[in-house]
Amino acid sequence: MAEFVAEYALALLMIVTLLAGIFSGYPVAFLLGGLGIAFAFIGGIPIPFLGTVGSRIFGGVIENWLMIAIPLFVFMGLMLERSGIAKSLLLTLQRLFGRTHGGLAVSVAVLGVIMAASTGIIGASVVMLGLLALPVMLKQGYHPEMACGVIAASGTLGILIPPSIMLVLMGSILQVSVGDLFKAALIPGLLLGVLYIVYLLVTARLKPDWAPLADPDAIDADTTPLPLALARDLLGPVVLIVAVLGSIMAGIATPTEAAAIGALGSLLLAALMRSLDFATLRDAVRDTSRTSAMILFVVIGATCFSVVFKRLGGDSMIEEMITGTGLGPYGLLLLVMGIIFVLGFFLEWIEISFVVLPLLVPVVELLDFGYGMSGQGLMIWFAILVAINLQTSFLTPPFGYALFYLKGITQGQIGIGTIYRSIIPFVLLQLTGLILCIVFPSLVLWLPGLI
Amino acid sequence: MPHAPLAPWRERGAAVSAGLARPLVGLGLVVGRITSWLVLLVMLAVLTTVALNFLGINTIARWEGEVLLFGDGLTINSVTELQWHLFGILTLFGGTYALHHDSHVRVDLVYHRLSPRGRAIVDILGHLLMLIPFCLLIAWLSEHFVRMSYLSGEQSNYGGLTDRYLIKAMLPIGLVFLALGAFGQVLEKLAGLFDPARLPSPHTDKEPMHG
Amino acid sequence: AAGPEKLNTASVFSTQNFLGAGAVRLSEELQKATGGEVSLEIHEPGDLVPPFEVFNSVSSGAIQAGWDWIGYWAGTVPITNLYGALPFGPSPEAFMSWMWAGEGTELLQQAYDPYGVKVLPCFISPQETGGWYNKEINTPEDFEGLSMRISGLGARVLNKLGASTQLIPGGEIYLSLERGRIDATEFSIPQVDKAMGFDDIAKYYYFPGWHQSASWFSLIVNQAVWDEYSEERKAQFETACRATLQWSMAVAPPQQVRTIRELEESGVEVRRFPDPVIEALQNAWVEVRKEEMANNPAFKEAYESLMEHVGLIEAWYELQELPAPIPVDAAQGES
């Protein structure tokens, strides 16, 4: 042990400093870059070696064709949020499910799934669901724990159900097809949605006072016949889903191209809903530029941190730590998943993807689980397991972005303690989904046809 | 909240710092607002390649003589490469724009509880020790990579864009621009340390549209 | 200084495949030649820098060395197209002769000198294939409107015939071909293509690989690092390099045919472009070549030198040509 620490002192120190620095609240992107430079000096790495960082930024971000999808998916999400589509859809879903206990919560979950399949980011989904549904749920007498939990959890489905910028980044890191990842994530994402709904219905039955029924008059304020209203409100999202996912599956477009089609689609949809004017468009492009730069600068910082970390022996350290346990393939997989889950308490998905994932890949490549999985299939299965895990990290305290958004929306009405408690059952549902995908790899690999 | 009168040196320091900060921060904001629109151009460029591929068109135009960046013609691959040229500029300058809007992701569990003064100190130290050295060192080390691209006349090997050095030069330019922006932020926060009235109120509700 | 004992080498190919395995072999040969004193520390693609940035990083000294396909650097050093992917070029044997007994290596080194990069061409892959197609090519007109993933000079030849040549990132080729986003792609030799799984999604495997007759792979070393080695060490590098080259030339061809037979068994249709198609491609190549020689004096010099050398070799083999051997006949009790 002492020998291990001595051999990898600098690499370990790098991790410790990173965690300490993150707690200071200084932006993570800049911290990653700065620590890379600082440790290059401390470790006596020749300065010209840091020339690799510029090349890595150029090749890994600027020239990386896959990354272009990120601003496009962000733009699409923001436009969709501003178009007002979600609002009328929620009202109609409520007419559909409103007559059972927990119906409103189920409506929110279904809306979450539909929005997830139309956008690639979660910020927009959680904020949108929170602003729309939380006041309605609380007014109807829902227990805040039930309301907050379903909003945060269904909002984060957007990052798992394709399209998803997280899957785009993972495709780039793991060198697997983003299109295959999109296909592979669909069933697990829907499965989680179903798990949420089952949980909501069961809880509502056991604790009816947590999920009271709505006033029937309020539900039927809209006099359009229900099937017609449903068709009207689903048309926009469905067209968008077909345009984006459909164009990938049909081979008209690569994922990047599908993102552009989706961005255009959301623009047209907003115009159709009469919510597109210059100010809206201007705010959307500005927001897009800042949000995607925020994501990509973490990638830029991480590329500097990780090249120095590896040069200081960090990669062999991780490998030794993992393989040194002498576990079999499933043991190792659970260990890796456990590490990512725990890191998810403290780090965000981008940092985990860019700093940690590349170090774990060589270990996973060597695992043999049977099932006749090809190398590509194994990598995609692993990627989806990681993706579910990372989606969970949005929900796990203390740093879960979905929880922060929600806290921001409630403006002090609901304590962070309630929000933390509200999320526990959903984190358990996430873990259930993860275990199901580990035990039944065909949930992941059947749709891309890899099994 | 009433403030005790400031010592003259503090007042002067705050005024000088804020005066120096204003053009630096202003420049970053103006450029960021302009480059934001590139996202629409990126979308347009991507859609153009989809359409061209669908129609089976490879060459859009050919002409005599060499035009900067486009060489002697416009092909589907020029448009494909234009996508990431535009995207690169959008990203690099968006970084500075996000800095001035404080939308870079922070883990603010502790930061949230700090006084405005404490937050200013964290940011000043961070920018001086982390961000600015990173930007300047990497920009300086990229010089070889831009010069080599320029001297060799590096261009696409897919019949796309020429003059690759232009986009390569954006990397050091973007990083130096970010360092200048960070320096502007340091001065602005410094003004706040001299004169606490200049610090933002502790209740900032910036929520990045994360992931 | 004595030069690094473990030369940090960024490979542009995974060492899991034949192309990247060349670097591993070179390292082994180097250890033999130096009595275990010098070896390569091989980094997988992207580990240090992205593959397309290797040449630039070796030049700047950010990394010490790289293992590459020479054609990767054509955007920077245009004559590398000739070494990496020369349409209608010579056989590997004739090309090798030009490299080691003609001006080949010297001209390449001259082109690299301004960038401070030492080059050791150590590995040759046999002629690539004509590519994976989901459309039949029966006449030259079938290239009209065909969208194919291919780069370099071969792409320009296809453009002349009306094809749309595309840039698709490596990870997306499979899906793009499967879903019809592109109609065809070239990739590498059968051994490498099979590992990519193209046989599951493409109907036809066309031959010959007219766009790339033989392609060179090399070890590139930062000149300042190279100069740290003693003359003896440098000679040991050359020895190891030649041993690796010999290995690549020896093992590759039979393995490709074995692989092709496996592919055929799994349902891939192996085809040959009809003669008029090959003729049209060659005529288009002559046009492209004319443009390239007019615009690029270094390419003209190297190409003419290569052709002159190949002429000598062909003249020799022509004089010595024998009919194809009669196969051993078991029925006659010969074996």
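Think of it as A, B and C in the order they're written, each chain with its own count starting at 1.
Following the convention adopted for this analysis, contacts are C-beta pairs under 8 Å (C-beta built on N, C-alpha and C of every residue); 3 or more make two chains touch, one makes a residue touch a chain.
Because the structure is predicted, anything quoted here is derived from the model rather than measured.
Asker: Tell me which chains count as touching both chain A and chain C.
Answerer: Chains touching both chain A and chain C: B.
Asker: Write down the chain pair with more C-beta contact pairs when B-C is set against A-B.
Answerer: Between A-B and B-C, contacts are more numerous in A-B.
Asker: Report the most central chain, judged by the distance from each chain's C-alpha mean to the global C-alpha mean.
Answerer: That would be chain A.
Asker: Centroid from C-alpha atoms only, then distance chain B to chain C, rounded to Å. What do you get?
Answerer: Inter-chain centre distance comes to 40 Å.
Asker: Could you give the separation in Å between the centres of chain A and chain B, each centre being the mean of its C-alpha atoms?
Answerer: From the centre of chain A to the centre of chain B is 25 Å.
Asker: Among the residues of chain C, which ones contact at least 2 other chains?
Answerer: 53, 56, 60, 62, 167, 181
Asker: Which residues of chain A are in contact with two or more other chains?
Answerer: As it turns out, chain A has residues touching two or more other chains at 48, 50-51, 55, 58, 63, 65, 252-253.
Asker: Which positions in chain B touch two or more other chains at once?
Answerer: In chain B, 80, 141, 144-145 touch at least two other chains.
Asker: Taking the touch rule as given, give the residues of chain B at its contact with chain C in the complex, in rising order.
Answerer: Answer in residue numbers: 52-53, 56-59, 76-77, 80-81, 141, 144-145, 148-149, 151-152, 154-160, 164.
Asker: Within their complex, state which residues of chain C touch chain A.
Answerer: The touching residues are 46-53, 56-57, 60-63, 167-172, 174-176, 178-181, 197.
Asker: Quick one: which bits of chain B touch chain A in the complex? Just the residue numbers, please.
Answerer: 32-33, 35-40, 42-43, 46-47, 49-50, 54, 80, 83-84, 87-88, 90-92, 94-95, 97-98, 101, 103-112, 114, 119, 122-123, 125-127, 129-131, 133-135, 137-139, 141-142, 144-145, 167-168, 170-172, 205, 207-211
Asker: Going by the contact rule set out above, which residues of chain C touch chain B in the complex?
Answerer: Contacts found on chain C: 53, 56, 59-60, 62, 74-77, 81, 114-115, 144-147, 151-152, 155-156, 159, 162-167, 181.
Asker: For chain A, which residues count as touching chain C in their complex?
Answerer: Where chain A meets chain C, its residues are 48-52, 55-56, 58-60, 63, 65-66, 171-172, 175-180, 248-255, 307, 310, 374, 376.
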